[in-house]
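Both of the next two complexes hold chain A, though its partner changes from chain B to chain C.
Up next, the complex of A and B:
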């Protein structure tokens, strides 16, 4: 089988597995894996910029913020209504349709940020993007008539929220279920899971198609040597700004889904730690890889639950080595997180993808195949 | 007018703190070409050490201050040896990720050991003001400024007048040649990290009485320090201190006189400064432009 048909077969298999997974896991896990799907999308975007094009971003949470707020504002029904240039936002849209819009708005922001970023390399870019992510919540709080300020935007009871049909507005519990696009979903979490993973698979396929040809080659050339790339006719400015734009588009879509998933956004939904986690996720998945980023997404999500203490201890079940850590203490997961990050960089700089590659070549050598 | 002078003096106080942390960033950047994103978290962590000595062990302020500086020095030295040195030849991204790992580790450790609770931190200076005509000057701000001024002078003397200081400068300037004449460059870089951690500790201890002690206390200050370092020129120690003071005074004046910015938009203003300086004059106000041969 050729490499391409192997890829397509693998993708189809993965799609079927993703579709069937909710049948085998609890409702709570379905919700968690929905979040994994969201992070997967964001990681695909950040990886395109940092792993493939070699431009460090410590501020991708800011693009997620833009996407999340785009969705939230478009479907919002605040009292008093949010307002921009005289327009009052009251139940303007349905959440599905805001997803691509959120992507486009964030993508445009990323594309524009790409221009000043052209003149920044390496550390300076890391610094500038870091500052963007730290400063973004302050900007949101300042323009509170448009963004709801520090109080945030509550989306639980707005008409545009499709997931409302599978949530009881009084008890916040999932209802008996409903049919969405002909598919019967049992609960809000299952609905969320299917939504996030449908988008994630589409975004993944798009990234794969985008990166396998000339475009992807040019981006990698920019990463490996700007000078060589430019001498081979790669327009550095165009490819870098495009990479920023596309990458931010992915982050915007992820942010939009995050807003739909949490049914509430405020500046703290997108803290600086989110941006840092995204970078961690890309490193854990493997810089420059595609599907192994799922591992990065799983890693950051299950770690983050602990960080924010939103759910009961998951880490000990998930990574048995860490079983001894008293996860009731605040900060324990952060320490584990930081230490694991440092150890990965010291021992497995290739992340999960690198580990898989070395296992693969080990297996290949074992079978005496010549590659 | 008197209000203006008062705002300037208050700005010098916070500016001295930004300058100290910016100087720490510059020391490391000059020596190893790395921006230490964990500088703020290390400063926060060492400030907690001082707090423990003062509150839990009943030490008085200045002995705790000195012991904390020693602790910070050892901490910085150790981190360079254990975490940074093994990847010193790796890509920028790898090193950035390492320092991000340190950010998470220290932030987590602090909340693990001392919990995330916000705590008061004592100040060595009385919470009173001096009257100069109709200008009242806070002794806090003046004291903060004086401590940083003394330390920066000491540090300058150390770099200029001692043999170790000479070796430190040599290793930063030309590691290969220094190695040839017998300077242990690896250890010099580690000492550089130690000194930077000390400066960070000073910044942390001076900032804590006003911003209060909690694991996230240095996040905003780190951004101001970045802005100060970039403004002054990321390779210029003098520029870092001057940039810090300029930024402290500037932000204070903008906050006081530009209603739209107020207290809420100080961070975005710092970001704007970082971006504008990097785009218009990447070497900063006091740095030398870098010429690169390709």
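Up next, the complex of A and C:
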């Protein structure tokens, strides 16, 4: 089989696995894996920019924020309704229809940010993008009539337009469920899972198609040597700004899904740590890889939620060099997390993708010897 | 051979998590014959991790109660989940507690936006949201819309009103400058202060907001000094309150400083005085409703002695001077009392019914004289406070009880 048909077969298998997974796990776990899907989308986008094109971004949380707020504002009924240029917006869209709009708005913001970013490289670009992540929550608070300010926008009580209307997830009262894109789902968690992973698979396929041809080669050329790329006829400005735009589109879609999943947005839901976690996720998954980013997504989701409460048990038992840390001190789990991250980077600099590659070559060598 | 690994990996993943399914019994969620499961979020990490002490203090008290037989024969299991002070994580952690761990009630989750984010979800699912750790007025005021939610501490509006009224009575002609956090918490305090000084000779001459994400408040303090005020109100969280003191001292400004309860823990005041080396903190005014373990008045008080014993036994290594631990114990004490009152046949609805008739004349961890009372139309448990003044390294309360009926 050619590599391409193998790829298609692998994708089909993955789609089936994703489709069947909720049958094997609890309703609540389905929700957790929905979040993994959301992070996977964001990582695909950041990886396209950082891993493929070589432009570092510490500010992708800001693009998620733009996506999340776009969705929240489009769903929620503003009172009084928003009036722009004489046109009255009633803001009562159904949540999933706002996803592409959120992506486009964030994508446009990313594309525009790409222009000033052209002048910056390396550390300076990292700092500039970091500044965007720091400033975004303050900007949201500035326009509080529009964004709800620090109190944010609560989408839970919005009747009939969010996934929460599917059913009561804890008690399964009113389990008539709902049909979404022709698929019958029984609970909010299941609905969320299928929504996130449908979008994730589409975005994954799009990234794969985008990167396998001429466009992907050009982006990689920009990363490896700007001089060589330019002299081969690659328009640096065009490719860099496009990479920023597409990458922000992915982040916007992820932010939109995050707003739908948590049914709440406020400036604190897109903190600076989110941007940093995204970069961590890309590195753990493997810079420049595609599907191994799933491992990065799993890592950042479960680390964020589970780490602090498990640190107390994990640190003394499994990580002897950190045994002296007093886990009750505020900040101790964060410090331990940082150390673990450094250890992971030292041991597996290529992330999950690199680890898989070395396992593969090890296996290949083993085969060779047996024969 | 590259892509099929993806499928294999995902299938392996499916197998690995398939064991994670949970079963819940038909009876009231979170209860067994001998346990009650409570859950709550706390910022164990992130910008507000200083508040993690609240949950630690509460947990220590529950363990103490458990060691003495628990509540009506049941021991309390309190599961604390980190939310890093991020409401999106509060939502995820709370759904985990409700749907995966099936807790009986959400207890003392911390933060205003954090609790607002989960309130409709908990109310829709009829899960009690007990004693919210936030002074936002909405948690006591909006009980008709959210009958499954109840707060605990004095509301921020009440606190602001008390400062305003105190100044109107004792410092007529005072000019107030306010540093406030640009969210509901800061604005509630400011609104209360405005109400307190209404129709008096006291004037609000300047108010400067700051963002939680700000790095410092130097420019705000300089602007406030420029207003010519002789009273500075710090409606700010600990980091910014400390900066407020430090910058005021550095620019040579010596107003009377009012510091809100959110940032009045003794260790914070000590930090603000840069280890006792500066005098800016002297004579600061704040409210108090908890027994401060560093206050010499309570050295031989039975409740504070009990507090120290419990901390030594169930929270080894924690800072005993941290008043947030006392807060946690005060809430835990009230919860134990509530669960006892709800009887042996505990139900979620039964507990909520009891929250409407709290009547505790003397929670031992609160200052003497402060009573906890609620009714069908009055859902603010703690509404009485004392004023206190910072002098030579500790708080001293003065005057009589202040009460506030929320309107």
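Worth pointing out:
By definition in this document, the second predicted complex is superposed on the first by the 305 of 371 C-alpha atoms of A that agree within 3 Å, B and C clash if a C-alpha of one lies under 4 Å from a C-alpha of the other, contacts with A are read in each partner's own complex, and residues count from 1 in each chain.
We take it that a contact is a pair of C-beta atoms (placed from the backbone, for glycine too) under 8 Å apart; a residue touches a chain by one contact, two chains touch by 3 or more.
Everything numeric here is computed off the predicted structure, so don't read it as measured data.
With chain A as the common reference, the superposed partners chain B and chain C clash. Contacts of A:108 after superposition on the shared chain: neither chain B nor chain C is touched.
The partner of chain A that touches more of its residues, comparing chain B with chain C, is C. Once the two complexes are laid over each other on the shared chain, residue contacts for A:151 go to chain C alone; chain B is not touched.
By the touch criterion stated above, A:6 is placed in contact with chain C alone, chain B being left untouched.
In the superposition on chain A, A:268 contacts chain C only, with no contact to chain B.
When the two complexes are overlaid on their common chain A, residue A:120 makes contact with chain B while staying clear of chain C. Once chain A of one complex is fitted onto chain A of the other, the partner contacts of A:141 extend to both chain B and chain C.
Of the two partner chains, chain C is the only one that A:25 touches; chain B does not reach it.
In the superposed pair of complexes, A:230 makes contact with neither chain B nor chain C. In the superposed model, A:17 makes contact with chain C only, not with chain B. For the superposition on chain A, the stretches of chain C under consideration are 148-156, 274-282, 292-300 or 346-354; the one running into chain B is 274-282. Once the two complexes are overlaid on chain A, the chain A residues touched by chain B in the first and by chain C in the second are 134, 138, 141, 272, 330-331, 333-334. Against chain A, the residues of chain C that register as touching in their complex are 1-7, 9-11, 13-15, 17-18, 20-22, 44-47, 49-50, 52, 56, 80-82, 84-89, 91-93, 95-96, 98-100, 112-113, 116-117, 120-121, 124-125, 127, 182-184, 211-214, 315, 317-318. Listed in rising order, the residues of chain A touching chain B in the complex are 50, 54, 56, 58, 116, 119-120, 122-124, 126-128, 130-132, 134-135, 138-139, 141-142, 227, 272, 276, 279-280, 283, 287, 329-339, 341-342, 345-346, 349. Residues 3, 6-7, 9-11, 13-14, 16-18, 20-21, 24-29, 31-33, 35, 134, 137-138, 141, 149-152, 154, 156-157, 168-171, 189, 258, 262-274, 291, 294, 304-305, 307-309, 326, 328, 330-331, 333-334, 356, 360 of chain A are the ones that touch chain C when the two sit in their complex. On the side of chain B, the complex with chain A involves touching residues 29, 33-35, 37, 83, 86-87, 90, 92-94, 96-98, 100-113, 115-116, 215, 219-220, 223, 226-227, 230, 264-268, 270-271, 274-275, 278-279, 282, 294.
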